[in-house]
Structures are given as structure tokens and as C-alpha cells.
Amino acid sequence: MKNYLYSIILITIFLFIWEAGARFVDTSFILPAPAEIAMKIWELKAELLLHHLPITLAVIAIGLGISLVLGIILATSMNISKTLEQAIYPVLITSQTIPIIALAPIFVLWFGYSIWSKVIVTIIITFFPITVSTFDGFRSASKELKELFQTLGASKRQLFFKLEVPSALPSFFSGLKVAVPMSVIGSAIGEWLGAQAGLGYFSRRMMTQFNGAGVFAPIVVLSLIGILLFTSVVLLEKFILKWRRS
Amino acid sequence: MNGEQNKKLALQFKNVDFHYRNAAGEIPILKNMNLSVADGGFVSIIGASGSGKSTIFRLIVGLEERTGGSIYLNEKQVADRPGKVGYMPQQDLLMPWRTVLQNAALPLELQKENHLDRGTVQNLLEAFGLKGYEDKYPHELSGGMRQRVSFLRATLSGSNVLLLDEPFSALDAMTKLFMQEWLLEQWEQQQSTILFITHDISEALFLSDRIFVITETPFTTLKEIEVPLERPRRQHDLDKKEVAELKNNLLEQFRMRV
Amino acid sequence: GNEEAITEDNKNANETNTVSIMLDWYPNAVHSYLYVAEEKGYFEEEGIDVDIQFPANPTDPLTLAASGNVTMGLYYQPDVIAARANEDIPVKSVAAIVREPLNRIVYRSDDPINSPKELEGKRVGYPGIPVNEAIVKTMVEYDGGDYEKVDMINVEFELGSSLISEQVDAVSGMYVNHEVPVLRSEGYTVDFINPVDYGVPDFYEIVAVTSDETWEKEQENIEAFWRAARKGYDFMIENEEEALEFLLDYQDEVNFPLEKEIEAESLSILLPKMKSEQGFGSQEKASWEETADWLKENGVIEEIPNIEDIFVNIE
Amino acid sequence: MKNYLYSIILITIFLFIWEAGARFVDTSFILPAPAEIAMKIWELKAELLLHHLPITLAVIAIGLGISLVLGIILATSMNISKTLEQAIYPVLITSQTIPIIALAPIFVLWFGYSIWSKVIVTIIITFFPITVSTFDGFRSASKELKELFQTLGASKRQLFFKLEVPSALPSFFSGLKVAVPMSVIGSAIGEWLGAQAGLGYFSRRMMTQFNGAGVFAPIVVLSLIGILLFTSVVLLEKFILKWRRS
Amino acid sequence: MNGEQNKKLALQFKNVDFHYRNAAGEIPILKNMNLSVADGGFVSIIGASGSGKSTIFRLIVGLEERTGGSIYLNEKQVADRPGKVGYMPQQDLLMPWRTVLQNAALPLELQKENHLDRGTVQNLLEAFGLKGYEDKYPHELSGGMRQRVSFLRATLSGSNVLLLDEPFSALDAMTKLFMQEWLLEQWEQQQSTILFITHDISEALFLSDRIFVITETPFTTLKEIEVPLERPRRQHDLDKKEVAELKNNLLEQFRMRV
């Protein structure tokens, strides 16, 4: 806790300046004060938590889930087949330098306002870190250890489960820690593009109604989801990689 | 003509050929090479860097495929060699996510035909000075202890032949001396055959019955040297005149090559 | 054969039960008749289930109707023509809801724009719907100005917030019956110019669009839908107050807060513009032709499409 | 080149399937064929390259430029002052788990429809990787080398320029390689929120006009920018870190 | 009482106190410690791991501040010691982004009062067997060459006192022997004073005039041993009976501690 003292001071100062600034500017639809936002969250708690939150959570869960399944399958296939690796890996890396997300509006044409247009955006944004980090994890399995396994007569299956999977886990978790906050962003961006409900949608909705605090309130909830999910992954990582505890 | 002739052979190379292949073409390492190691012996291989010491081991364990000749293990030519010898590589190569016990017991997990049981492992853990450390992770151990876990793992492969590739090169000079004595002790108890690669002439002299010297690459035979020392040995036995002379001869031979 | 017929029937029953319609904007008085029909059970009587959707982007009602993601979308007559003419998108209008433009050029009273010519050098926000470009162009040129000098900015839904936060000087796309009174009730003083005064024809502000394919497959449903909607409309003109109550009851307090007074005023503006001798929703070829001519004159379309394909009147 | 053979085959197959699929579906506003997109790019080349491209490039250049300046200043300050580090670093890391980008619509109210609202989105999306990687780079300077410099009587200034800066460069470039594609995405997302020109804007506009090929054409140009910028950074990295060439 | 007394002192510790501080409290290392090294001498320090060898060096170069007493360099108490001695740390610590020349010349760049010029550097490069490698990067060199660059850098700090902290511990046994002989050669030419930390007793015996042994921590004086060998030396001089005995004595002393 003591380590974060300065950070806490910094954030307090920031909130204080924001509050003072907002009161000074006094046009809450442009710059709502933190206190106002907090009150708005309280006021809208039922609406936010019971109506919009579950919808956004569903997008995050389904999107992240599909990314995980596809990413792990693809990474494993590339790990097994050198040909697949040579075909897919460069495409994957190059795909990162191009803004596929800019195609998001057309997904709405394909999938309408259903959950799938948002899920696709979330998948696009989270698929890469998961796949590449898992694959890099497999590759990180030391060549020397692989040879040791061979000299002990290990089967391909044993090599995979006893060496490559444990070797890949740290890198996999790093990827997951990147992907989880991204999935929150992906769901929010997806909801801008076509939705009837959800926290990202609600925030934009509030904007057309000159309700500044209402714009921020769902974003605060989204942030809390982000922090919560991230923390869960960190805890899971600590639990599974307990050998890394110094 | 000497006593060893009557002993069984633990390892034998007969006319073995081997070359690496790279962009520039073939790099021959072994040419029609012959070598034999008697059961229960402690044999060191010394040679300059890149002369092909590790290659010999890789051929024995089957990580490289010979291009000609045959290799016999315990007087049988084994087709599928993996799993048939205990191999302790240069680095300790412990898996950081496994405890000491889990690391050491790896061969038991991987080899169906491995008949050692957990009881034996427990006994050996004690013999190797690892009692009480079973559930520690490798990063919690000192360098010397890690080497002992690695050695225990090689032992547990259940083979009578152990290949050790520069196992002590990463240790500091004093820990190294301690580990050498410890290794001899274990070897005398286990009754196994040890092939030991090293750069360190004193180390080779202190540990081995015989030393194979690689003088050129590719090689056909290895120069063989008998170490004129009785067992058990102590470090100061190396100061005996004939051993000291032997050592200085070897040193002179390598001086030109470094 | 018998079995097949039954499954066919079932399939039809399943397919025909739901009709989705995407509104042109978030719900307000102009949609009252739909809520009346829903609340009074007219849709149910016709055997259809109605799913009313709101657009996340101003242009979605047309694009999603065209791609078949919704059965119908409420949109703007000129844009239906443009889609058909320019990209050969197979869409057609099945009903005219509001028969005169509601669209106004709105500006802040303290920064007045006295005539369209003064828009030169000004920033004009619009919701990305192409018709607004044609409207502003027509008005400015009619007034002797140069449209090239107008700075048109796509502000999506943020018409009101961009105007009052002074990010733009005027907006096109606000409705005289709704957005304007809403802004005024929030305490902002705004004024507006009527496009019809500056050469823009009297086009149908809001029509209901569907795709040719949907029309073919679901014609019966769409017809049933409009029979029910017409009943709702008839009820609405007889019982204005009650109809508004349905809307206000139905409204989503948080998402789309509505002021009763504003909506009442809005409805009184709307009713005459929705009324037609031929019956609610009917469309006249002449209106389509006039609008198409206007678009061609202004270079929005190059060729006038076959008007017969563009609309169909539901009896 | 030979290494990429499989990738090229894969991409060719993908394009072929796409082309066939698009011709089969035959609704080009929903799914335009690659050939159609290529023709559209050619047709619109003047419009795309002379009108929209410069505007998007300006957003990318200014956004990335400001991110670089701010990021490097912040990383350097954290490197100099332990207190600043303790205050800012945790906040920076936490900020990554929250979807600030979801606030983008309100930036439009703050900065208007000028270039700045898009620049801000670009900064938000690129600032983090640049700052954190630069700072991590400074921290990667080996403690032993630092002590060596001290024993040679180096001044703080010499320590910074001769040790910490060169040590930070590899990590800095890694960050830059993440940030550059992000900046392209940032500019496109920024342009969704309200714009009158730019490739992201143009793509969405084409959508409202049912011009499927027109939706994809600017995205292809954006992708080329992404690949080009990324390649430039890689070349610059190779040149500056020439000691890393094996 | 012997010849050294007349020589100038290169380094002197007078009643030096030092302790580290951690969460658990103070860890005393030096207690009222005295030590002196004559100019031009080659002195090794040996001791178990953690006994405080590196700490002595860190005090000399000023990386740690003594808590009491005084340290004299060339018989002057220097307040601001950094830059006054040549220090070669355990790892070679070359900067990967600098060429051999740029790495070696680092002290010239950093020290205003360094009067060595580029010409001297060129001459030394040749003497150190680095001619032709000036523009290579460290990763293109072998381990032994890297150590020589590091040693050259320490030499170029322009000081007559060089501190070497286990410089050869990362080298393989044969390269190490070669580097030891090379070091002695350089030392004889440079006329500098060398303090040398090592774990390796043979290494200390082969190189030094005198050996300081740390037998306990914290320490007040170090046990001092004169090496009974003339210069120039060869490796096999270590096999002389009195040196061998000395070595075995020392070994016995440390055996208990490992």
C-alpha cells in the first residue's frame, strides 16, 4: 500500500483539479464534475448495472471466449505444423499493421444490431495478442529441454503437455493481460456502431441528450469492469504460475 | 590384454561416420570412428571448443543420426536409442515450474518401461543431499544443488550409462571442487558407467580412469590416456609428479589451439 | 407431400410473425401511431410481432433495411432515390409518413444567419445523411451563394451538442417539431430557416423503406403491419392526448426522456403534414418525380431511376 | 522471399475465395469483390490520395509526434525522479486497463471538429506504448554498467546520454513499432466521430452511399500507410541499432 | 622489515568500518580494518562467497561510503574517488552498441583530466591483441577477447591501481589459463598495481605476489600469504612441492565453508 502512496496523492490532486475546473467552467454537458458523475452513477445504478452491464458483459465474454478458443487452436496448429506456421505467422504479424478495425462499420451491415457485430469487433481486437503470445510461448520452450525430453523417449503428446504447454503459460498470460482490457474497449467501440443497449451505447446516447455526467457514468462502470477482469487474470496467473513467486 | 578386456563393454562405436550439413556443404566430424568404453568406467573426453565432443553425445542419445557405422549400447545395437541412456546436459536444464522432486522424477513419468519406483527416488533424494528440498522450485536452489538435481534426473533414467556434458562449467571454482568429489562418491555407489566432457584438464585427471583426447577434427580415433592414480583420490593427488607431468603435456598440446 | 406442406406452413408462420422496423431517430411524437398500434393490440390482431429498433447511426435505417437486417426502416425520400439511382440498391418505399420537410437549418440566435448565402465560410453540421448536402447546396445556390465555400461536417447524432458547444455555426437535419423545441426548452435560443423557402421541393420527409427482396418475401406481413399502423394513426388523430400518453408511457425514461408539452406541440405540427386525402401512408408519383428532378438538377444523381420501382402503395 | 512463399499462397487463396464468394453473393454494397475494390481505388485515386490521405496523414503525424514528445519527456522525468516514477507509473499501468477511448465522443465537444479531436484520439492510443517502453528501456540500463560509469567519474549528463539513452533505444523502438499501427487505427476511429475529410471519414461516407467498394478502398490505403510506416520504423531501427545486426 | 617497506604504498585502509543496512538491520562487513598494498604489487583476495571481497572494491572505487576510518590511494586521502582507479568488474560489461575501440576509450570520454591520447590507445590495442578488431561489436568477439577489451578499458582509466573482480570466472578452463598468462605479461609491462579477486586458489597462486585470505566476516585484518614463486612463472611451477602444499592447506580451509 505504501508503494502506491504517491499515486494516490496524484489521483486525488487530479480529481480535485477536475472538480474545481468543472465547477468553474460550469457547463456540465461539456465537463461534468467527478462528484456529479458519482451521483449520476448512483442515480442510474439500476439502469446501468441491470440493463446495460449484462449486455456489455455478454459481448466481452463471448468475444474473449471465441478469441481464446480460436487463438489457442491456431497457435497450437502453427506449433505442430511448420508449413502452417510459415503460411500464417507472417500474415498474422502483417495484419497487425493494418487497421482492420476501420472495417467495423461494415460488420453492422453483415450482422445487424445483433450481439455478433460487437462480438466480431471484440474478437478482431483481442485475437492477435492471444494468438501471438500463445504461439511465442510455445516457441519459447527451450530447445535444450526439448532435446532432453527426446533423449528420455518422450512422445509428441508428452512433449506438448509436459513441456510446451507449461513453457507457453507465462507468455499466454501476458497476452491475456493485454487482451482483457482490449476486449472492454472492443465492446465499447462495437456498441458505438450499432446497438440498442450496452454501456458504450448508453454513453453515446447520453451525449445526444446534453447529459455530460451520463456520458461518463457508463465509462466509469466499463473501467471498473476492465480493472476487475484484469485483476482476476493477474490472480489466476499468480495461482497457476505459483512457481514464479519469489 | 589388460583386465578391462574381460569386462563387458558399456558403449562401443564401430566405424561411425557423421557430418553436419549447412549452407556451405558438409562439415565432417566423425570419420570411420571407433571407440569403446568398458562397463563401470569413468571416461573423460577433452578437446578444443568445436572439436566435436558434444556431437559424440548427441550421436549416442540419438539426437543426431549417424551417416555410417554402428553404435552399441551394452553390446546390443539399439535401433531406437532415446530413453536408453542417462544424459545430463551442460546447463542444468531444470524446469522452473516443477519442484525438485517433480524435476528429478521426469524420466519415471516419460518412460513406460522405467521400473524405478517412488521409494527409490526418495532414497536417492537423500543420498544426493536433497532431503527437505523436495518441494522447492529450482530458482530457490544454489547452483551446486541444481546440478545435483540434474544429475539425479539422469541417474533416474535407469540406465547404467551416464553422459555428462561439461556439467560443472557454470560453477565457481570452489563449488566445482566440492561437486567433483561428490560426483566420484555417487559414481562409486551407483556402479554406473560415466562419460564426462570437460574443458578442464585438472578436472578430467581428478575424475577419470581414462581420458580421450580429440586432437583434430574430423577424427577417426581418439588419443587415449590412462590416468595413473588409484582410487579413492584426493585433490592433492594431482600434485604427484607423474600426474603433474601428464597435465603439463596436455596443456602444451592445447595451448596452440586456444 | 402433406408433411412437407405442414412444415412449409410452420416455417411461414415463424417467419411472418416478426416485423422489425428501425426508426429514423430516437422515438418522439412522429412515432406515436406505432406505439398506439402496439399498445392497442392492432399489430397483434394482424398476427404480427413488432420489434421497434432505434438507429445507432443516422444512416442505419436505410442500410440495414437494404441489407435485410431489418424489415423496414424509416428514412428520407431523396436518399431512397439516390440509393436506387447511384448504386442500384434494390430498395423501395412502402409508405409516406410525413409528407412535407421538417428539416430546418438551425442556428444560434446570438450568431444569426439571415439567409442561406451567409452560410458561406460557416461550419454546417449534419448527421451524415447525404440529403442534407443537397438541401444546403440548393438553398445556398438559390440565394446566390457558393456552396463550395460552405464547410459541411458530419457530426453524426450530435446535432444539438455540436451547435450549442459552438463547434459548428449551423446544423442541417434538425426537425422543426422536435429538436428545435427541445433545444429551446433546455434554455438555448435558436432560430431556423426553412429549406422550402429557398428552392427545395416539398419532398416526403419520412418514408418507410424496405428492400425488394424483403418485399417479395414478406409482402403480406408488411401489408398487415401498415393496416395496423393505419388504425393507430386513425386513433391518434381522434385522440391526440391519449395517443401521446401511449408514447410517453412507452418511453424509456433514461434513454429517451420526452417532455410532454414539447411532444404535444410537436404532434400538432406533425398531424397536418401526415394527413393525406388518399389515406395515411399513400404516395404520389408526382412527388417522387419532382424530388428526383431536384436531385438530378443538383447533381446528386445522374440519371432518374424508374419511378415505378421505387415505391409501392399499400392498399 | 522464399520464406514467405506459403504466406503468399495463403493470401492468394484467401483473395480468390473472397472474389468467388463476392461474385456469388452479388450484392456489392455488402460484400464487394477484391477486383472491384482495386478498380475503385484506381478510379478514386485522386480523391483518395490528394484529398483524404493528406488529412489523415496530418492526424497521424501530429498525433504520433505529440505522443513521442510527451512520452519521452514523461519517461525521462520518471527516470530522473524516483518520486515521479512512484506517482505516475502505477497510474499509467492502471490507465491501460480502462477504456479511455470510449470517452472519444466527448473530446469532440472539447476540441471540436478540427483536427485536434482526432489527434487526441491518436495520442490516447499511442501515448502508453511509447511512454512505457521508453521508460522500461531506461530501466533496462544495467546496474553494473551504471556503477562502472560512476567509478569512471561520469556526470549525470554523461550517464544519461552515453548509457541510459543507448540502453533505452531497443525498447523504445519496440514501443514505436506497437504505436505506429495504433496511430493509423486511432486516426480512423477519430474520424468516425465527426469529420469532413480523411480516409476513415470517407470510408464511412461511402457506406451511407451503399458503395461497398468505396468503403474498402480507403481502408486499403490506410493499410498501406500502416505497412509503410511500420517498415520505415523497422528500417530506421536497423540503421540506428546497427550493432544488433548479427 | 622486508624490501616492500621502502616502496610507496598504492593503497591503504586505515581503521575502516563498513556495514550494509537492510530491513533486518545492519550487516557489518569491515570492522576497524587495516590493509596496505605496495606500489607495483600483484595482490589476490580470496574468500568464501559472501565474505565481503567485492565490498572492499566497492569501497575503494567509492560505490559504497565507509562508515569510519580512511582509505588512502597513492598515499593521498582522496575525497572524490570515482575516476581515480581502474576497475574491471566480474562480467566484461562491454556496451553492445559500441565498437571495441569506443568501448575501450570510454574513460577518455568521461574523464576531463584523462591525459591519454588516441595514439596511446592505438598502441595498446595492438599490445592487447585487438588490432584489426577496433570496429567490431562485442557480440562478434570471443569471451577471451571481450575480457581483454574490458581489461584495456580499465587500463585506460590512467590509474596505476587496477581492481579486477573475478575477471576470468566466466571463461572456460583452457581460455582461462591462457588469459592468466597474458594478464601477467601485461602487468609486467604496465608496471601497475593489481588487486585481484578470485574463487580459484590455483589462479591466485599462479598470479600473485601476496594473497589475502578472508577467513570470517566481519573482518578486521586479512590473513596474508606470500607466494613462494619467482617470476616469470609457468603453469607447472604450481606443481612445486611447497606451492602444492600451500594450495592444499588453503583448500582444506575452504572445504568446510562451501
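First chain written, first letter: the chains are A, B, C, D and E, and each begins at residue 1.
Here is the rule we use: a contact is a pair of C-beta atoms (placed from the backbone, for glycine too) under 8 Å apart; a residue touches a chain by one contact, two chains touch by 3 or more.
Being a predicted model, the structure only gives us computed values, none of them experimental.
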item	value
Chain-contact steps, minimal, separating subunit E from subunit A	2
Farthest-lying chain, centroid of Cα atoms versus that of subunit D	B
Chain located farthest away, centre of subunit A as origin (C-alpha)	E
Length of the line joining the C-alpha centres of subunit B and subunit D, rounded to whole Å	53
Computed distance of Cα centres, subunit C from subunit B, in Å	85
Between subunit A and subunit D, centroid-to-centroid distance (C-alpha), Å	18
Centre-to-centre distance between subunit E and subunit C (centres being mean Cα positions), rounded to whole Å	87
Sequence positions of subunit D contacting 2 or more other chains	29-30, 105, 109, 204, 207
Sequence positions of subunit C contacting 2 or more other chains	63, 67, 158, 161, 165
For subunit B, residues that touch 2 or more chains besides their own	none
Those chain pairs that satisfy the touch definition	A-B, A-C, A-D, B-E, C-D, D-E
Subunit D contact footprint on subunit C (complex, rising order)	59, 62-63, 66-67, 82-83, 86-87, 89, 123, 125, 128-130, 151-156, 158, 161-162, 165, 167-168
Of all residues in subunit A, those that touch subunit B in their complex	142, 144-145, 147-154, 158, 162-163, 166, 169, 241, 243-244, 246
Footprint of subunit A on subunit B - complex, ascending	61-63, 80, 82-85, 87, 89, 91, 93, 95-99, 106-107, 109-111, 137, 139, 157
Interfacial residue positions of subunit D with respect to subunit C in the complex	27, 29-30, 105, 108-109, 112-113, 193-196, 201, 204-205, 207-211
Complex contacts: residues of subunit C adjacent to subunit A	26, 53-54, 56-57, 60, 63-64, 67, 69-70, 157-161, 164-165, 186, 254-255, 257
